[in-house]
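A, B, C and D are the chain letters, set down in written order, and residue numbers restart from 1 in every chain.
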Amino acid sequence: MVSFESDYIAGAHPQIMKCLAETNLECLSGYGTDKYCGSAREKIRAACRCENADVEFLVGGTQANAVIIATMLRDCEGVIAAKTGHVSVHEAGAIEYTGNKVLELPERNGKIVPDVLAGYVADFYADGNHEHMVFPGMVYLSHPTEYGTLYTKQELEAIADNCHRYGMTLFLDGARLGYGLTSRESDMTLCDIARICDVFYIGGTKVGALCGEAVVFTKNNKPKHFMTSVKKRGALLAKGRLLGIQFDALFTDDLYFKISGHAIEMAERMKEIFAGKGYAFHIESPTNQQFVVLENEQMERLKRDVAFSFWENLDEKHTVVRFATSWSTTEEDLRALEAALG
Amino acid sequence: MVSFESDYIAGAHPQIMKCLAETNLECLSGYGTDKYCGSAREKIRAACRCENADVEFLVGGTQANAVIIATMLRDCEGVIAAKTGHVSVHEAGAIEYTGNKVLELPERNGKIVPDVLAGYVADFYADGNHEHMVFPGMVYLSHPTEYGTLYTKQELEAIADNCHRYGMTLFLDGARLGYGLTSRESDMTLCDIARICDVFYIGGTKVGALCGEAVVFTKNNKPKHFMTSVKKRGALLAKGRLLGIQFDALFTDDLYFKISGHAIEMAERMKEIFAGKGYAFHIESPTNQQFVVLENEQMERLKRDVAFSFWENLDEKHTVVRFATSWSTTEEDLRALEAALG
Amino acid sequence: MVSFESDYIAGAHPQIMKCLAETNLECLSGYGTDKYCGSAREKIRAACRCENADVEFLVGGTQANAVIIATMLRDCEGVIAAKTGHVSVHEAGAIEYTGNKVLELPERNGKIVPDVLAGYVADFYADGNHEHMVFPGMVYLSHPTEYGTLYTKQELEAIADNCHRYGMTLFLDGARLGYGLTSRESDMTLCDIARICDVFYIGGTKVGALCGEAVVFTKNNKPKHFMTSVKKRGALLAKGRLLGIQFDALFTDDLYFKISGHAIEMAERMKEIFAGKGYAFHIESPTNQQFVVLENEQMERLKRDVAFSFWENLDEKHTVVRFATSWSTTEEDLRALEAALG
Amino acid sequence: MVSFESDYIAGAHPQIMKCLAETNLECLSGYGTDKYCGSAREKIRAACRCENADVEFLVGGTQANAVIIATMLRDCEGVIAAKTGHVSVHEAGAIEYTGNKVLELPERNGKIVPDVLAGYVADFYADGNHEHMVFPGMVYLSHPTEYGTLYTKQELEAIADNCHRYGMTLFLDGARLGYGLTSRESDMTLCDIARICDVFYIGGTKVGALCGEAVVFTKNNKPKHFMTSVKKRGALLAKGRLLGIQFDALFTDDLYFKISGHAIEMAERMKEIFAGKGYAFHIESPTNQQFVVLENEQMERLKRDVAFSFWENLDEKHTVVRFATSWSTTEEDLRALEAALG
């Protein structure tokens, strides 16, 4: 049985495990004040070429989204997201739990369309009665999106311009950021992301770590007493080293990009296999998640040998399923998939 | 430099690191549905001799407290805690953040006094106007307490009786439970805890794990759709294996109790060292945290060689400081402490 | 200057003012425990022919929505509403503030379409991964809707069937319920509403009262300790008499229906005036709110003599505006409008 | 039967009823934008001699407390209150419901002791570990207190000094402010209150209105988009006139002070009656609430003729009960009380 179920089916990249083992006996201070957290922060700032950035580590993506949104919005504000955004659909209402509304926009291939955003905000402020409405205070987008798609630099800059014209914060959820940056279709670097966005995070959990997301505040905009706000949300890790050591490893010798690049390489090979056998793609994804249309009988047969994820019912006879690659995907896995496809 | 700063200064117990390394390449399902989580649940149920218990894993103590309290209280209810309880003082208002009041009781040595609790609840219901007040719906206690002290079985049963008489849930925060159970003064076993309490957690973070707390619902009282409630609070780990593997290791061959017992042994030796040199204890603690009174000059000198925690100012010339042992404390550490004390 | 700006531009119906004045010196107990609240409850139960109904009074509509939704949803649940629903758009995020997600459905003329609802819920439960999503726990609808439109009995029953099949609560926001029940197009009585819905409220603020909404729980489903839950949300009035006396007056001698019927009569006459002069309606509304398309120049001229509400920009040259009638609308007002329209 | 049960047993002062009746047919804009709200704001600013004050109207005391505290605290902060403060005990956890902790201080006669406050804050900042604790961001006090007692100007200034030294907001709950200002023991005017406090409210509900509290922000510190924040909390009244007209009446010809002064006069006479007959007071209250110790048998007898409130059990044979005066208390009421006391 070979698995493409998700990009978090295996443990951590061996280099991360090695660092955790080597530092295991060191006595370190808690709550993210240790030297590895410090070193990881420094390396991330350097990788972003943003020397004033504030970098903080959180355990997971939903937690990062909830903490960032809740601490950066003003009382009268909500966060704009695509209707298919992770915060809109798959976080069990975590953003609303913090008291904040997600203002859902129609999407195209999982992406917010700059013009749709511009129209929404313009309409909002055109209507004199907006004191009874939630003010748009932030734009949330995921890059890659939940459909594996990417924003172009031009799109991201157009969205940022709109945000800044209206005093909104641009927040990029980078749970799978590595796969976006190393995609063959990417026209952005990590520095571009850091320059354009007001806050974003570099996903660890889905890019080789056991857990962890590195939040980057790029504009001297880290909320005051952020550690207390994190604690208040039950999100402060006592052994903060667990996050610091992992990100220190990920940002040493480009490991983060190597992991991501490997997964992209595997995904491209996987695409060729599917295409070669005449399978249709539900969406054109340039990253590590591929959405393939299967006939239902085909799907049932394939399940015996290959693990993958249900995505959605397409029609009575077809289903969309997801195949994901990661640091742990091997050529042998691809050969097994190819064989199983018959 | 030797450190007794806390029980979370080192990484994980080597046996845990070994299990994480050995299972690292296995493909496992996410969100706590993997086989190691399953195995850990089974072993914990067996250790508690509570075969119907529901066991769920959360990342940290404040998170566990916030999730448990918020999902188990009814709308009109709050949680009773000692004025010195962790939820009362040192969680940055995490319980209130979820919308629930902490009803603080005066304490004795960090413990809720059963008679004080009984009086509080009786008074509450004696007053006909309680519809404008927060109903006491749960009792939170930590065992060991924040002062390292322990409830006796008789005390815990008296508190439980009071809870059940008034329909309240008894919740025990066991962030350091192992040290309580292996203390020389303990008259309770894990089975007693599971029998008496309605819900409790077995702390991992402070007892040898990298992170993780195992929440045990003992009375078929796990909130419905608990996974969704956990996700809603940003507390669901994608790689749930990280918690399952660690607790599976901790509950194999009594590792949890061995770790705890070692720390207690080291703490007892440390007490002898302090006592032998004439130091006063601020409180009589039978567990792994020791609270020692130092003259301020003495304290400054000692800081050069030994790391410990500030606890509180006693008077102008004296300070209470905390020395904690853990799985990583060695005899060599104790000798270094002894030497440094002069 | 004549005003059709809203249905809350005037004070209370004179009969209500009379009752407030007559009872003003009576000593009454607070918090909704007085005899007028009791009498109003009894009369509302009788009017609904639902003798077991629990009736509670709240001050305003957003408050009623927020309290009802927050106290009736389970932790994993959210509330379904039309994308144009009051809770979705015009309550400044009050539902999300209580921690609950509004699940927005596409609408037709402001109404939830029964088949769209059925499809949404069926899809939700078809998807095996719904533990990461907000469960649909309640359907919120307004009747009349924000566009003045009405559900038919058949539609409401279809929605109720769907709710009950999946264990969802059906909640009807009746801020303008009287106008719905007395509309010429209504095929439902108050008894039908009470029989079909699980909870609803009878709006006072917009139907002749100074303030106040009467919440009716029809299925022995009033949340336990509801008074405490109301207090906890800052929504409990000390002089509860203010609400009780008003609703007692409204449900004496059918005043509620007389007020509503008068406004409908005035609205129908107003429609004739607009139609007679060739104005277009943006939507076909059978209740007291009429949405008329005006050329922008026309609109500016009309503003000098008549007050009305901006609704939305239709195109560059046309605007949709709202004219509302109420208990205080007179034939003289209509003549003034007619004259102003030229 | 004569009633001293509370200061909200009767309707509104006749002058308020008269104003409501006289303005009833006027067409006014909603949500607090009408001319009576404007006029009331202006009169309150003048009465406070604080021409830049922002004045906003809310419906009730708990609502005012919850809205003010939630909109003025920063994320890491909580509000300090006396252990007997209204927000601490009798608001069903309304402050915690908004996510904010009430930091309870020991009290003396219902009052925060300036030195105790100073010590608390100094201790907080002395402890280097306060990042895990809720920061004291505001001091809440009620004047008169829940025990009818008053702060002296010196005490209030000492508290204010402490607040401002540490960047905390001083918030005074004036639900019964009129009775405080007209007490024979008061050494403060409304101008003093406005000068010393950062925000406070002038209670209407308990001082002659049907409902309503006038919140006064004295230091250009009204939260931005406050109307939206009020709406978000379900606290915005559609017919805002109801509050504006009442406060306009209360601040015309000193009505607010006349009402208060009358109640104080009645309370002083009542005190003489009790004292003359040898009854003991539980506390020395200089305002409109009197706390009298009754033997339980005496209490049962008195209940037949006089309504009063249970306060607390003193011992097995004695109970503390409360007698309150208000605008509606008459000399005849006092004679009836005297007669009933025998």
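Just so it is clear, a contact is a pair of C-beta atoms (placed from the backbone, for glycine too) under 8 Å apart; a residue touches a chain by one contact, two chains touch by 3 or more.
The shown structure was predicted, so the numbers you read here are calculated from the model rather than taken from an experiment.
> Interface check for copies chain B and chain C. Shared numbers divided by all numbers used: above half gives same, below half gives different; which is it?
Same residues, largely: of all residue numbers at this interface, over half are found in both copies.
> Farthest from chain D in C-alpha centre terms, which chain would that be?
Centroid comparison gives A as the farthest chain from chain D.
> With a Cα-based fit, what is the angle in degrees between chain A and its identical partner chain C, given to the nearest 5?
Result for this pair is 180 degrees.
> Which whole number of Å gives the spacing of the CA centres of chain A and chain C?
Averaging C-alpha atoms per chain gives centres 41 Å apart.
> Using mean C-alpha positions as chain centres, tell me how far chain A is from chain D in Å, no decimals.
Those two chain centres are 50 Å apart.
> Measuring from the mean C-alpha position of chain A to the mean C-alpha position of chain B, what distance in angstrom results?
Computed from C-alpha means, the inter-chain centre distance equals 33 Å.
> Note the residues in chain B that touch 2 or more other chains, in rising order.
Those would be 76, 91-93, 97, 99, 131-134, 228-229, 231-232.
> Taking chains as nodes and touches as edges, what kind of graph is this: line, ring, star, complete or other?
Topology of the interface graph: complete, with all chain pairs in contact.
> Quick one: in the complex, what on chain A touches chain B?
3, 5-6, 8-12, 14, 17, 20-21, 23-30, 59-67, 91-94, 97, 205-206, 210-211, 228-229, 231-239, 241-242, 307, 328
> Would you mind writing out the residues of chain C in touch with chain A in their complex?
76, 78, 89-93, 95-102, 104, 126-129, 131-134, 310, 312-313
> Would you tell me which residues of chain C are touching chain B in their complex?
31, 70-71, 74-76, 99, 131-135, 223-225, 227-229, 231-232
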